[in-house]
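Both of the next two complexes hold subunit A, though its partner changes from subunit B to subunit C.
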Partner chain A sequence: MRRRTAVPAVAVGVTLGMVLAACGGGSDEGGDNQSGKAEAKQNAAVGQIFKPSTKKGGTIRYANADDFDSVDPGDTYYGYAWDFARYYCRSLTMFDTKPGDEGNKIVPDLAESLGTPSDGGKTWTYKLRSGVKFEDGTPITSKDVKYAVERSLDKSVLKNGPTYFNDLLDLQGYPGAFKDPSPDKLGLKAIETPDDQTIVFHLKEAFGGFDYIAMLPATCPVPRDKDTGSKYKEHVVSSGPYMFDTYEAGKSFSLKRNPNWDPATDPHRAALPDRIEMQLHVNANDIDNRLMSGDLDVDVQSIGVQAATQAQILNDPNLAKNTDNPTLARTWFAAINPDVAPLDNIDCRKAVLYAADHDGYLRAFGGSVGGELPTSLLPPSIPGWQDIDLYNFKEHKTGDPEAAKQSLQACGQPNGFSTNLAYRSDRPTEKAAAEALQASLAKVGIKATLKGYPSGDYFALYAGKPSYAKSNNLGIMLHGWGADWPDGYGFLSQLVDSRTIRESGGNYNLTVKDPEIDKLLDEARTKTSIEAQQPFWAQIDKKVMEDATILPGVWAKVLLYRPTRLTNVYVNEGLGGYYDFVQLGVQE
Partner chain B sequence: MTIAPEPTATELTEPVGESVDGAGKIEGRSLGRIAWGRLKRDRVALAGGAIVLLLILVAILAPVIVKYLGHPPNEPHHELVDDTRGTAIGKWGGISRDYLFGVEPQSGRDLFSRVVYGARVSLLIAFLATLLSMVIGTVMGVLAGYFGGWVDTLIARTMDVFLAFPLLLFAIAIVGVIPDQAFGLRGNALRMAILIFIIGFFSWPYIGRIIRGQTLSLREREFVESARSLGARAPYIMFRELLPNLVAPILVYTTLLIPTNILFEAALSYLGVGVIPPTASWGGMLADATQSSWYRVAPNFMVFPGLAIFVTVLAFNLFGDGLRDALDPKGR
Partner chain C sequence: MFRYIIRRLLASVLLLVIISMITFAIFFLVPRLAGATSDDLAARYASRAADAAQVHALSERLGLDQPIWVQYGKFVKTLVAGADYDTGTGTDHCSAPCLGYSFVTQNPVGPELLDRLPVTASLAAGACVLWLLGGVATGVMSALRKGSVFDRAAMGTALAGVSLPIFFTGLVTLSVFSYSLGWTAPGGSYTPLTQNPAQWAYDLLLPWICLAFLYAAAYARLTRSGMLETMGEDFIRTARAKGLPERTVVVKHALRSTLTPITTIFGLDLGLLLGGAVLTESTFSLPGIGKYAVDAINAHDLPKILGVVLVATIFIILANLIVDVLYAVIDPRVRLS
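Let's turn to the complex of A and B:
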C-alpha cells in the first residue's frame, strides 16, 4: 500500500529501493528517510499514505471553527470527535488505521479479538487485552468498560451521543449509571463481567453488526471514581497514547503523552507528535488561511475549505497539489414532508423531484469537487449500494419540467402550489442550494418560500420537530446525513426508521414514514452477518425513492487542505473521510 | 448599530413671519422660497438631492431598467459560472455588456439586476420606517414639550428607555419567533412589515427629543401666548400654531434619519434577519459576499452592493445637511 506517487527527476533510471537507501544516509529530514521525497499532488493521501513516517516528536496544531459537542467519549456524536477521541480513548474495537479499503475493516483495540457471537447473535463476548492501563497507572478492567456504557445510556446527563446501546441492549428498564440504585453502580444485567478481562453484551434481538457498536467511543473505559457526570469532559481519564494537559472550556485544550500507555498493547496507533494543541471557535476563513500559510496543521472538523478558498486553491496548482478530495459516506438532500398539503399526495412530491435542478444543487456544494449528482439516498461508498435512478436524474441534470407538470396534473394541482422551504441559515452552501431549488421549482409553478433557521436548533426545535414543521407548512427541508460507520445500518437506521420519530423534536428522520421500510430494517438487523444484511440496504433505498419523501441533492466529497508540514497522512475511509488523526506526524 | 443623527443644540426654528437675515431686496418672500434660494447655491447638497431623486426613480422603475439592461434578478445562469470554482467564467467577475456588474458566484445571477432591485427593498423599508418614526416622534415631542410636567417626564423617560433598548438583539429575536403568517400578511410582505415596524418604532426618540426641545422654546413665544389668551385650546395651539413652525426641523431630521435606517436595514439583512432570500437586498448581498469570503475571488460581488449603500447614504446625508443649512443658516 505504501506506494510512492512519483520519483524525483534525478532518480530516473535508478531503482526506487536504491534511491530510498541513498536518502537514508545523509537525510536530516528525520527518522523517516522517505519523507523528503514524496511529491505532493492532489489526492496523494487518498488510498495511500503520503509521506510515511515513524519519526516521533513535535507539536501538532489543530483548530475548530466551532466547539466539540463534548470531548467526553460517552457524550459525543460528531464524526471528527470520534476520530479525535482515538488519541485519548480506546474502545473495544476500531477501524483499522490503514489507508484505502482496509480502513473500512473493524479490528480489535482494547479487546484482544473481535466479538464472539453466541445465542444466534443475541450475545456478544469480548476479552480485553492484558497490560492496558489508565493514565494514572490503574489497570483497565472489563468493569470500567461496563460502567462507561452504562453511563452513556443516561441521555438526560450525557445528551449528545447516539442511542445504539439504548436501542440494542436488553435494558429491562435500567436507567443508566447515574440513577443506578446498586452501590457499585454496575446494576445493568444486559452486560456481564464474569472476570476482569471478559465482557458480555446481551441484546434484545440478534444483531449481526455488533462489532461496529463496540467501536463507539462510549465503550472507552471510564474509572467510576473519577466520573463527574456532565463535567467529566473537563478531565477525561485517558486510556490511549495521549492525556489531557490543559482544558479551557470553549477556548482551547492540549494533550501530552500518556506515560502509562504501552505501545506493545496497541498495534494500531502511531502516536508520533509529543504534543497536541487544539484551538476552538476559530473563524473558518481564518482556519483556511492559516492552513495554507503553515500556521496550522489540521482543521479538525474536516468539512472542507470554504467555497471561496476552493476557488482560490483550484486556480493555483501550487495550492491544489496540497489537497485531498475524498468521497464521504454522506448525502445532502431535501426531505419532502408528507404531513403538509398538498405534499401528502405522492404525485405532488414526485413533481418536486422531477422539477428540481440537480446541477444547481450540486453547484451550491462546490460542483464536482463537492460531490457527485446522486440518483438515490444511499451513498455509493456503502457496501451493497445499487444504482437506482427511478426519476432519470442523470438524464435531466437541470430538472425535467415536462414530467413535473404531468405529476402536478396527476396530483390535481396543474398550476403548481405554495409551500415553505427550510434550510440552515448559517450554512452558505445550504442557502445557495435552497435558492437553486426554489428557482427550479418556480419554473413549474411550485412557489417555495425560503425559511432559514439556526443550525444549532434545526432538529431540536424546527425541522426536526413534527408539530413545528406541520404548523409552519415546512414542505421541503434541507438536510444532510453521514454514515455513523460505512455500512447500510450505520447510515439508514437513524434516518429512515419511522419509529425513531419523536413528537418532542430532535429527529433526524424528518419525512420517511413507511411501515414497509421499518419492516425491512428489522429483517436486516436480524441477519447475523454484515454480508447477509447488504441486499436490504439497496431495497430500502429504492423504497425511499419510490415514496418520493426524499430528494437526493449531493453524494458528498470534501476538499481538504493538507499542509506540507504533516507527515504520515491518509484519509481513513472507515471514519468517513477524515484524516486518520492518531497516525499524523509533523516535520519540523 | 444605528447611529442616530446628532441632535444639535442649535435652534432650528425661526417662527414664520419673523425677519430672516440675508433676505434680500424683495420683501414678503416666504421662508420656503428663501430656503430654496440658499439650497440652490449649495452645489453639494443639490448633487446629493439629484442622486436621491435618481435612486428613487431607479427603485420605482427597477422592472423596466432590468428588462432593458439586465436579467431577472433571481434567475440562475449556471452556464456563466465555473462548475468547481464557483466563480464567473469571464474576466472581472463576468462583467460584460450583458452583465454590467458581472454575475454572482455559484448561481450566476445578474448582479446589476440584484443591485437595482435591492434599491427597492432598501428605500422602501427606510422611507416607511422613517415616516413611522417621524409621525410618532413629532406627536410625542409636541405633547411632551407643550404640556410639560408629568406628561413630559413620562414621555422623556420612555424615550430614554427606547434609546437604551438593545434594538439589534431585539430585532434578531423577534424575526426568529414571528409565525408563518400574521396580520393578514405572509412571507416577504410580513417580514418587511415587521422590519419597518421595528426600525420605525424604535427610532422615533431621535426625532422626538429634538421636537420636544423645539416645542419647549416655542411655547414661550409671544404668538403662542396671544393664541392662548384669545382662548385657543391645546390641540389648536399644538397643531396650528406650533406644528407649522416645526416643519423645518422635522424635514431636516427626517432626511437625516433615512440614511441611518438604510444602514440599519442593511445591518439586519447582513445578519440574516432582513428580507427573505432570494429577494435581493444590499445588506444580504454583502453578507453572502463576506460570509464565505467570496470577495477574495469575486470582488465585484462585494463592491457593487457596498458602493450602492455608500452612495445612497452619502447622498441622503449631503442633501440633509444642505437642507439644514438652507433652513437655518445660523446653525452653521
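Let's turn to the complex of A and C:
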C-alpha cells in the first residue's frame, strides 16, 4: 500500500528532534483504550481514543494535496484510499476499528466470521452477513463479491490496485471479468459461490494469511449491472454507511449517508458525521494552515505536516499539543548491490554497514520526529518483530570505522573502493541521507559518487532495473518501503523475495537474492494461521542482515496535526499509522 | 484587415501543428531514442506490483507499443474526429477536440481542460483589470510627479511586487486575511460566475489581488519610464504650445503613445495566463489549467501535458493576434496589410 512520503527539510531536522524532546513528546503516553482521553496533548490519539464520542451529525472536511489513484475499490493501492474506502465499501474482512494493538487484529466485516481454511490452506471459505444491502436496497450476495474480485484482476483497465489476487488465485488463464466470455461474467473457477451467502477461494498454493487478502478493497461487492469499468469511479455503488453524493474528477467529491446501510449488520463503523467532503489537489502548505485554523479537519494523505509547519508547530506548545507522532510500518534504507564489484564480496558490504553514520541518516529524515534509528529491515510495528542488532548500530550510532576497516581488509580492499550511490533527486530527504552516507563512507576510504534519478522512473528505469544498476555501477541505492498491511508478508513479500526480480525493471527488491530467504518465505506462506507465520518474519529479517544486502536507515514516523474540532480520534495501527477515518466525528 | 486576420489564423494553424509535433516528440519519441521501451513507459502507469505481462498489456492498451507516427496520427485524429475509449464494460466516446485520454485517470483530456478553463479565465480577467488600472495609473502618476514622495513610495512598492513570488505573498495573505481575520475566502474556493457572481468575486478576490500585485508592479515601472520618455518628446511640447489642456496632453497624446509597448506586453501576459497561471492556481488551490498542468507533470501524464501545451499555445497565438490588431486602433500610424 503506497503512502505518500513527507519531505521534511534537512536543515531543521536536528532542531526538530530537540524541540520535540523538549516538548515532552513520545509515544509512551499510556491511556485507557475503552474510555479514551479528552485532554489535548502530544500523542493523545496514539494508543487511545482522543475525545471519545458517539454524537452523530455535522460535516467532516477532508483535503488532499494530490488525487486518489482511484476511489474505485478494485483499482486503488494508496493506503489512505484503503482507509477512506471503508466509508463506502465493505470488504470481507477489515482491521479492527480500535486504537493500539487491537487495531492490528483482522476482524470480519462483510463476512460473518474470518475465513475457514481447508485443503491445507489452499481453500478459504467465507460466509456473508445477512441483511447487507447496496445503496439502492439490493441485497448483497456472494456473486457480487466474486464479480468484484474478477474485475480487479484486469490490470490493463483497473491498473492501480495490487496484484495479490492475480498472484494467489488459481486463475488457469482467466483474463478478468471484462474479457470473460461467459454471459454472467462469473467464469473464474478459482472462486465459487455455492449459494448467495458463501464464497470459496481456491489458491494455487497454501497461504495462511488469506484473511489479510480478504481485507483488500477489491473484495468490496460490485453489482455487475452497475459496473462501468474504468468509469465506475464516477459512481461507486456503496455497501457502507455513506454513498457518493457528488463527484467532480480531479476537483472534489462528497459523501452522504447511505439510507440502506444497517448498523445492525456493521459492528465496526461509528459513522458519526452526516456528510463527508473531499477537496482534491489542494496546496500542501495551505492544508497545514487550514488544519491549524480549523478550516479543515483531516489531511487525507496523512504524510505529516510540511517542514515549515513542523518547525512552527514544535516551537509552539499550544500547537504541539494537537499533534500525533505515530510510528509507521515503513523503513527507509539503502540497498547494497551484490551484482557490482567489489560489493559482490560480503565483507565489502559489511564494511558499508559498519561505516554508515546512522544518526546522520536519521537526521536527514527529520530526526526523532521523522523516525527512529533501526537495527534491521523489519519495522517494530510488524507483529513477530524481534530486536536484531548484528552490527551494533545502537552502540555505534555514528558508525564503527574500526570494524569497517577490518571488513575492508577481509574483502581485499584495505584502502577502500569506489562505487556509485543512487537516490531520488526530487526528494530532499533522500539527497541529505545520501550525503550523510557518502561522508561517513569516505572516512574509511569508500568513495561513493552520488547519482540522482527522478523518482517517477527510479524503479522502472534505473535502480529497479538490474541491467542498468549493474552497468552503471550502482553499488548503493536508497530506497523506502511501507507495508501493505502490518504483517511480515505484507512488508517482505515484494522486498526480499528474489523471484520477484524482473530483468525488465520495475523491481522493489533491488538486492536481496538469497534462496534461503525465498525458502523461508514459502514456508511461512503455507502456515495456516497468522500467528504461526510470525516467527518466520524475524528469521528472514535476520538473514537479510546477515547477507548485508540492506543497510537500514530509519524506522519511519510521521507528525500529524489533529484539529480541535475532531472527535473520536485515534491512530489505527492496522491501517499503518492513519487516523481511523471511519470512526472520526466532528464538534459543531 | 480581414485578409490579414485570415492569413494570421492560417499561419497559426501551421504553428500549432509544428508545436504539437515537437511536444509529442519530446514526450513520446525522445524517451524511445534514449533506449526506453514501450513497456518501460507503460510501467510508469502500471500497478506497483504488476508483472511483465500486465505491463505489456497496459502498453498495448495505451497504444505505446505502436510506431510513433501511428501514435501521433491517432492523437491528431482525436483533435478532428474525437476518440473512442474501451472502458472494459463498453465504449466511451469523447467528441473532438478530444485531446486523447489520460494515461493516469483514463478520463478524456479535452473536456477536463474545458471544465477548468472558466477558472483560469476568471482569474486572469479579474487580475488583469486590476493590474492594468492599478499599474498604468500608478505609472502615469509617478511619471507626472517624478521624484515626489508618491513616486518613490510607488516605485518602492512596485519593486517589492516584482520581487515577491506569488507562492510567498499568496500563502502569507491567505494566512492573514483568510485564516486569521476571516475576511477573504480560504484556499481552494471557487464559485462559477453564472452560479453566484458575488460569491465568484469574493472567492477570487485574494488571488486577483496577489496576481495583480505582481503584474501591476511591472506595469507601473514600464508605464512610468514610457511616460517620462514620451513627455520629453517634441510633439508633447507642440501640444502644450498649442494651448491644449494638460489632461488632454497627458491622456490623449502621451499615454496613447506609451500604451503601444504596454499593449504588446499585456497581450503576451494575458495569453500566458490563460494558458495557466501555474503558481497562482497552485498556491490558491484553484482548479484551473495551470494547476492541471502541474498535476499532470507530477503524474507524468503525457496526454494531459500535451493538451495543456496546445491550449496554452492557442491562447498565446490568439492574444498576439489581438494585440497586433489593436496596434492599428491605438496608433494610427500602424496599418495592417
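Brief remarks follow.
The criterion applied here is as follows: the second predicted complex is superposed on the first by the 551 of 588 C-alpha atoms of A that agree within 3 Å, B and C clash if a C-alpha of one lies under 4 Å from a C-alpha of the other, contacts with A are read in each partner's own complex, and residues count from 1 in each chain.
Here is the rule we go by: contacts are C-beta pairs under 8 Å (C-beta built on N, C-alpha and C of every residue); 3 or more make two chains touch, one makes a residue touch a chain.
Fair warning: this is a prediction, and the values are worked out from it, not measured in the lab.
In this superposed model built on subunit A, subunit B and subunit C occupy separate space and fit side by side. In the superposition on chain A, A:Q438 contacts subunit B only, with no contact to subunit C.
Contact with neither subunit B nor subunit C is seen for A:A329 once the two complexes are overlaid on the shared chain. Of the two partner chains placed around the shared chain by superposition, neither subunit B nor subunit C is touched by A:V544.
When both complexes are overlaid on chain A, the residue A:Q312 reaches subunit B alone and has no touch with subunit C. In the superposition on chain A, contact of A:L343 is made with neither subunit B nor subunit C. Set side by side, subunit B and subunit C differ in how many residues of subunit A they touch, and the one touching more is C.
When the shared chain is aligned, subunit C comes close enough to touch A:R502, but subunit B does not. Touch criterion met: A:G367 reaches subunit B, while subunit C stays clear of it.
Legend: residue contacts after superposition of the two complexes on their common chain; A:A45 is shown touching neither subunit B nor subunit C. Looking at the shared chain after the overlay, A:N285 reaches both subunit B and subunit C. After superposing the two complexes on their shared chain, the closest approach between C-alpha atoms of subunit B and subunit C is 7 Å. Subunit A uses residues 285 to touch subunit B in one structure and subunit C in the other.
The part of subunit A that touches subunit C in the complex is made up of residues 2, 63, 66-67, 70, 77, 151, 154-164, 166-167, 178, 227-231, 249-251, 279, 281-283, 285-286, 289-290, 292-293, 295, 456-457, 460-461, 494, 502, 504-506, 508.
Residues 36, 39-40, 43-52, 54-55, 57-58, 60-61, 85-90, 92, 105-107, 112, 171, 174-175, 178-180, 186-188, 282-285, 287, 291-292, 295, 298, 300 of subunit C are the ones touching subunit A in the complex. Subunit A meets subunit B in the complex at residues 285, 306-312, 314-315, 357, 359-360, 363-364, 366-370, 398, 420, 425-426, 428, 431-432, 434-436, 438-439, 449-452, 454, 471-473. Note for the complex: subunit B touches subunit A at residues 74-76, 78, 81-87, 105-107, 176, 179-180, 186-188, 272, 276-278, 288, 291-298.
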